[in-house]
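In what follows, subunit A forms one complex with subunit B and a second complex with subunit C.
Entry: the complex of A and B
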C-alpha cells in the first residue's frame, strides 16, 4: 500500500445517517499516519437520571421508557426489575413469562428494522430503503409484515410497544386475552417462512472482511439465552452479579462525546447481539443454531460487521421462543393476578436486560417509596469506545481507498453496532466564564 | 368555524359503527380510525396534539371505533400508517402553517406538497416522518389510509409545560371539527 503511506485524508462526516440520534465521524490522517479517528456524539444530554430522582417508584418505569422509543420495553422492564430488586418484589411465573415475551417482541421489532431498513441498503448497494423498495419490494414488504407482528406482540402484552402502559411493579395492569395469544401463536408460526427468507437473504449478502478481537459482555443464565436478569459475563473470563455492574462498566468521559465511554478488562468492550451470541450460543434454540451455522457464525466471531448476522440469528431465536412462551402461557391459562407486593419501602436494586443493542442497567436507591438516586448505563455508551477502537484498526488498513470509500466502510462499521445515540448521551459540556 | 378549515365530509367507513373488542386501544386491529397526537407537552405549544386528544378522550361523543395514540413521536408513523388496517389516520400537531398563532388548518395529503428536511430522503427509519412514509408507500405501491392533518400555528415552542392562550383557545374548535368528521348527520352523537 505504497500510496497510503503518504496519503493525507480528512473526513468530517457530520450527521451519520441510518442510526438513531446524532453522531459525527472525524478521521484525520497525515502522510499515511492516522492522527485522529473519533466518533463524536453531539446529542444534547437529557437528564433522565435527574428526573428519576424524587419520583415515586411506581412511576419510574413510565419515565424510563421515554429514554428510547425503540427500546422502550427494555428500559421499562429494566426499570421495573431495579425497583423490584430494591423492594423485594417476587414476581409470579406468569409475570416473568409475559415480561420475556414482551422483550422478544421488542428485540424482533428492532432487529428487523436494523437488518432490513438500515443495513440491507448498504449491502445491496442502494442509498436507503426507498430505492430498495423500488428494486426489491417483496423484501421491504416482508420486513414490514414481520415488524407489524413484532409490534403486535408488545401491543397485546403491554398495551403498546412505544412507551408501554400495561406493566407495573410486581405485574401487569392489563393482560393479553387467550384469543390474542392464539392469534399471535398462529401468526408467529406463519412468519417462519419470512424468517427463513431472512436467513437466505443474509446468506446471499457479503459483509466486509474485518477482524478485531475484543472483550464481549452480555447477561447469561444457565437455563436460557438470557435477555433479562442473570449474571454479567465476559468472554475474557469471569461473571459478576448484577449489583457489581459498576466494576464491569467503569464509565468515563471523553472530550469529544456527550455520551460516556466504558471499559473493563481491555481498553474497550462490546455488547449487543454479537456479544450475546459469543457468550450464549449454547443456549440458542436449535433452529437459531442452524441459522448461525448457515450464516458462518463461528464459535467466537470477532468481525463487528457480523453483529448484523447475529441479529438475524436472534430473529430466528426470538420467533421460536415467542411461540414456546405463548404455548406455555396458554397451557397454564392466562389469569388475572394481583401484582406482587413490595416487602419493604426502602432499598437499592439493579435491573438488567438485554436491549436489542446490548446490556442495559438501571440502578435505583429508594427511600420511603421515593427514588433518591438513579444510574442508567446504556448499551450504546458501552460500545462507543469499542467502535472507535475498531475504527483505529480499520482506517489505516483502507487508507489506500478514496475518501468516499473510507467513509462508507466506516459508516457501515458504526451502523453495524446499531447504535442508539440519543439514549447514550448523558454528560453535559460546561464552559466556565 | 373559520373559513380556513372547512370540514371536508364524512368518511364512508365511519357510517357503519362496528362492535369492538377494545376501546381506544392502539393495539386493536379493529379500529377504523386512528388519531395521533404528535409533539411534546414539555415544549409549550408543541403539546397541542396531546391537549386535543385529552379533550377527545373525555368526550362522550368519541366513537368507539376510534383509537387514540398519545406517544408524540414520529417514530411509529411508519408502523401505524403502513402496517395497520386503519381506514383513516388523523394527525394533530402544531405546525408552521403561515397563520396567526392559534389558527389552524385541516388538510389531506392530497391537498398539499410536503417537503422533507432532507432532500435525498436518506432516511433514518428510527424517526420516520410523513414524507418518508409517503415515499415508501409510493415505492411499494401500497395504498395508504386517508391521512388528515390538523396543523395549528404555535405561538411559542420552547421548554415550558402548557399551551399559550392563543393555542389553548383553538383546542375546542379542533375537537369539534374532528368529532364532526367522525359522525354524520344521521348518526350523530346527539
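Entry: the complex of A and C
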C-alpha cells in the first residue's frame, strides 16, 4: 500500500445512509494532500419561511412542525414561543410544564432512534438495525419499547408526536388526563432498567478516538438543564438574549457550496447534545451525572463522536425529569384552562428550543394577526461548518487507510452529529460535477 | 413460506419531512412481525444496504424539481407496485403552499441576494409525474392504516380505504362537534380512516387526507354559514394541504371544476 504522502483518494458518497435527509460526502486527496472535503446538502429546498409568510399566526405551528418528522414537536414549540413572544402571551405554569414534558418525549424518541437504529449498527458491525432483529432481538425490542413510551408521552400531551395536534398559542386544545399521566409515570419508572441497559451497552462499545476543540453553543437557564427559552450561551464565554440570535448564528455563504454555514467566535461552532452537556452539565439529574461519569464524559468533551454518548446521558436525564415533571403536574392536578390570549395583534418575536440535534430558532414578525416575515435557523445548518472542519482534520489523519475505511469513519462522523437534513430550510441543492 | 417468497420492498423519499417513514418504523412497535413478511431492500434512512430489485415501492414526499422526475420514472420502471406514502406524495401537501407565489419571489425571500437559479419548480404530487397503484393518505400517515394497506398488498387484495367523511368516525367516537366552538372543520368533506384524530383533540380537521370522491360542498357551505364561520377561514384551512389541487387542478374551493 502506498504511504499516505503518495496517496490519491477520491470518495463520493451519494445519499448518506442512516441519516435523516439527503447529503453527499466528497473527498479528494492528491498525493496525500487533501484538496476537497465537502458535505454537500442535496435536499430539495422547501422554502418554509416563504410559506409561513401570509399565514394567520394560529396556523404557524401546524405548518412549522411539517419542517421535520423527528423534530416536529420542537419546531411546533419554537414556533409557538415566537408567536407568544411577538404578541405578548403569558403562558400558565401548567402550559409550560406540559410543553416541557412534550419536549422531553421528543428528545427521548429521537435520541433512542439515533443511538439504537442509526449509530449502533456501525458500532456492532452491521448495516442496519434489521439484522440485529435476528442476532440481538432483545436489543431491538428494547429500542422499540423505549421509543413507544417516548412517542406516547407526546401522544398523551399533544395528540401525536408527528405532527402535534393539541398545542396552540397560549395553551392546549386538549389536555392529558390524570390517568394518562399516572400511566406514563409508571411506565417511565419501569423503563429505568431499559435505560440502564442502554448505558451499559454504550459502556461496552468503542467510539473512534478523535478530538477537536471548537466553540459549543446551547440554551442555558439558571434553574434547569435547558430545552426551552433561556439564553444563548457559549463555551467560549458570553451569553445572549434570544432576540440577539442573529449575532450568534451569522449565516453566511461559502465559496464551494451554496449551503449556508454559521460561525461565531471561531470558524465554526457545534450545537446538539454534546454542546448542551458541555454548557449545562451542572444541571444534570444525579442519575444522568453518574451515567456521564460511567461513559467518560468530562468537564469539556471535544470528541464529536461522543455527541452520541451525550445523547445517552440525555436519555437518562429526560426519563428522570419526565417523572419529576409529571409528579409536579399531578400535585397541582390537571385543570381545564382557556389558552392565554395575545395582548396585541402585531409584533416581532423569537422562540428558541433545543431540538434533539441542537438549538432551533423561529423568528416571526406579525402584522394584524398575519405573519409578514419569518426566519428559521436550524440546528443542523449551524453544524455544517463544524462537520466540515472536523472532516478536514480527520481525513488527513486517516488517509493511509483503505477507501472503505475512510468512508466509514467519515460517515460515522456525520452520523454522530445526528443531522436532520430536511430540517435545514436554509440549504440549497448543489449541482455536483 | 420460503424466504424467496417474500416480496422485495423499498422506501424512497423526495421533498418531505420523513415523518411518514418514521411512522412506518413506529408501526413496528405493535406489529414487529411485519418485518418477517417482507424483504426490505432499500430504506436509506434506516439501512446502509441498497438493492435495486424491489417489487413494491413506497414513495414519500413531493416532486419539486426536474431531477426528481427522472428518479420517479426509474422507480416506476422497476417496481410492480408504486404507493404514494403520505400527503406530500399523494396530494402535494404543505410543499405546494409556495405554489401561490412565483418561484422567483420565493427564492429571493429565502435566499436573498444569494439567490441563484435553482433546480426547483412548483411542488406536485408524484401522480403528476408517474401513474401510481395506490396511496396511504394523511400528514402523517396513520400507522394502523399503513399496516392494513401493507397486508392488503401482501395478500394481493384490492386496496380499500374509507370513502366516507371524517364526520362518521367523529360521531362514532361521540365527540362534540368542533363547529359548536366556532372552529372550521373540513371533516364533512375529508376522507376518514384517521379516527377523526384532530377533532378528538379539539381542533378542526385540516383535510390532510384529501377529499372523499363526492364531497358535499353545498352542505359544507351551509354548515360554515350556520356557525358564523367566514368562508375565508375555510379557504385558509384547505390551502394547507390542498393548494396543489386548488391551483393546478383548477378546482375552485366550492369543488366544481
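The definition used in the following text is that the second predicted complex is superposed on the first by the 417 of 433 C-alpha atoms of A that agree within 3 Å, B and C clash if a C-alpha of one lies under 4 Å from a C-alpha of the other, contacts with A are read in each partner's own complex, and residues count from 1 in each chain.
The rule is short, and it goes like this: a contact is a pair of C-beta atoms (placed from the backbone, for glycine too) under 8 Å apart; a residue touches a chain by one contact, two chains touch by 3 or more.
Please read all numbers here as calculations on a predicted model, not as lab measurements.
Student: Using the overlay on subunit A, decide if subunit B and subunit C clash or can fit next to each other.
Tutor: Verdict on subunit A: clash between subunit B and subunit C.
Student: Can A:148 be said to touch subunit B (first), subunit C (second), both, or neither?
Tutor: both
Student: With both complexes overlaid on chain A, does A:159 touch subunit B (first), subunit C (second), both or neither?
Tutor: Both subunit B and subunit C are touched by A:159.
Student: Under the stated touch criterion, name the partner, subunit B or subunit C, that contacts more residues in subunit A.
Tutor: C
Student: Please indicate which partner A:117 is in contact with in the superposed arrangement: first for subunit B, second for subunit C, both, or neither.
Tutor: So A:117 meets both subunit B and subunit C here.
Student: Thinking of the overlay built on chain A, is A:286 touched by subunit B (first), by subunit C (second), by both, or by neither?
Tutor: neither
Student: So in the superposed three-chain picture, is A:241 touching just subunit B, just subunit C, both, or none of them (first/second/both/neither)?
Tutor: neither
Student: Check the residue A:88 against both partner chains and state whether it touches subunit B (first), subunit C (second), both, or neither.
Tutor: After superposition on chain A, A:88 lies in contact with neither partner.
Student: Quick one: classify A:69 as touching subunit B (first), subunit C (second), both or neither.
Tutor: Both: A:69 reaches subunit B and subunit C.
Student: Kindly classify A:129 by the partners it touches after superposition: subunit B alone (first), subunit C alone (second), both, or neither?
Tutor: both
Student: Could you tell me which of 112-120, 166-174 or 220-228 in subunit C overlaps subunit B after superposing the two complexes on chain A?
Tutor: Comparing the options 112-120, 166-174 or 220-228, the clashing one for subunit C against subunit B is 166-174.
Student: Show me the subunit A residues, by the header's touch rule, that subunit B contacts in one structure and subunit C contacts in the other.
Tutor: On subunit A, the overlap between the subunit B and subunit C contacts is residues 17-21, 69-70, 113, 117-118, 127-130, 133, 141, 144-145, 147-148, 151, 159-160, 162-163.
Student: Spell out the residues on subunit A that touch subunit B in their complex, using ranges where they run on.
Tutor: Those residues of subunit A that touch subunit B are 17-21, 69-70, 113, 117-118, 127-131, 133-134, 137, 140-141, 144-145, 147-148, 151-152, 155-156, 159-163, 177, 420.
Student: Flag every residue of subunit B that touches subunit A in the complex, lowest number first.
Tutor: 21, 25-27, 29, 69, 71, 73, 75-76, 78-79, 82-84, 120-127, 132, 135-136, 139-142
Student: Once bound in the complex, which stretches of subunit A touch subunit C?
Tutor: 15, 17-22, 43-47, 49-51, 53, 55-56, 59, 62-63, 66-70, 72, 113, 117-118, 121, 127-130, 133, 141, 144-145, 147-148, 151, 158-160, 162-163, 165-166, 168, 172-174, 253, 258, 260, 422, 425-426, 428-429, 431
Student: What does subunit C use to touch subunit A in their complex?
Tutor: Subunit C reaches subunit A through residues 13-23, 25-26, 28-29, 32, 35, 40, 43-50, 61, 64-65, 68, 93-95, 97-98, 101, 105-107, 109-111, 114, 116, 118-120, 139-140, 197-198, 200-203, 206, 236, 240.
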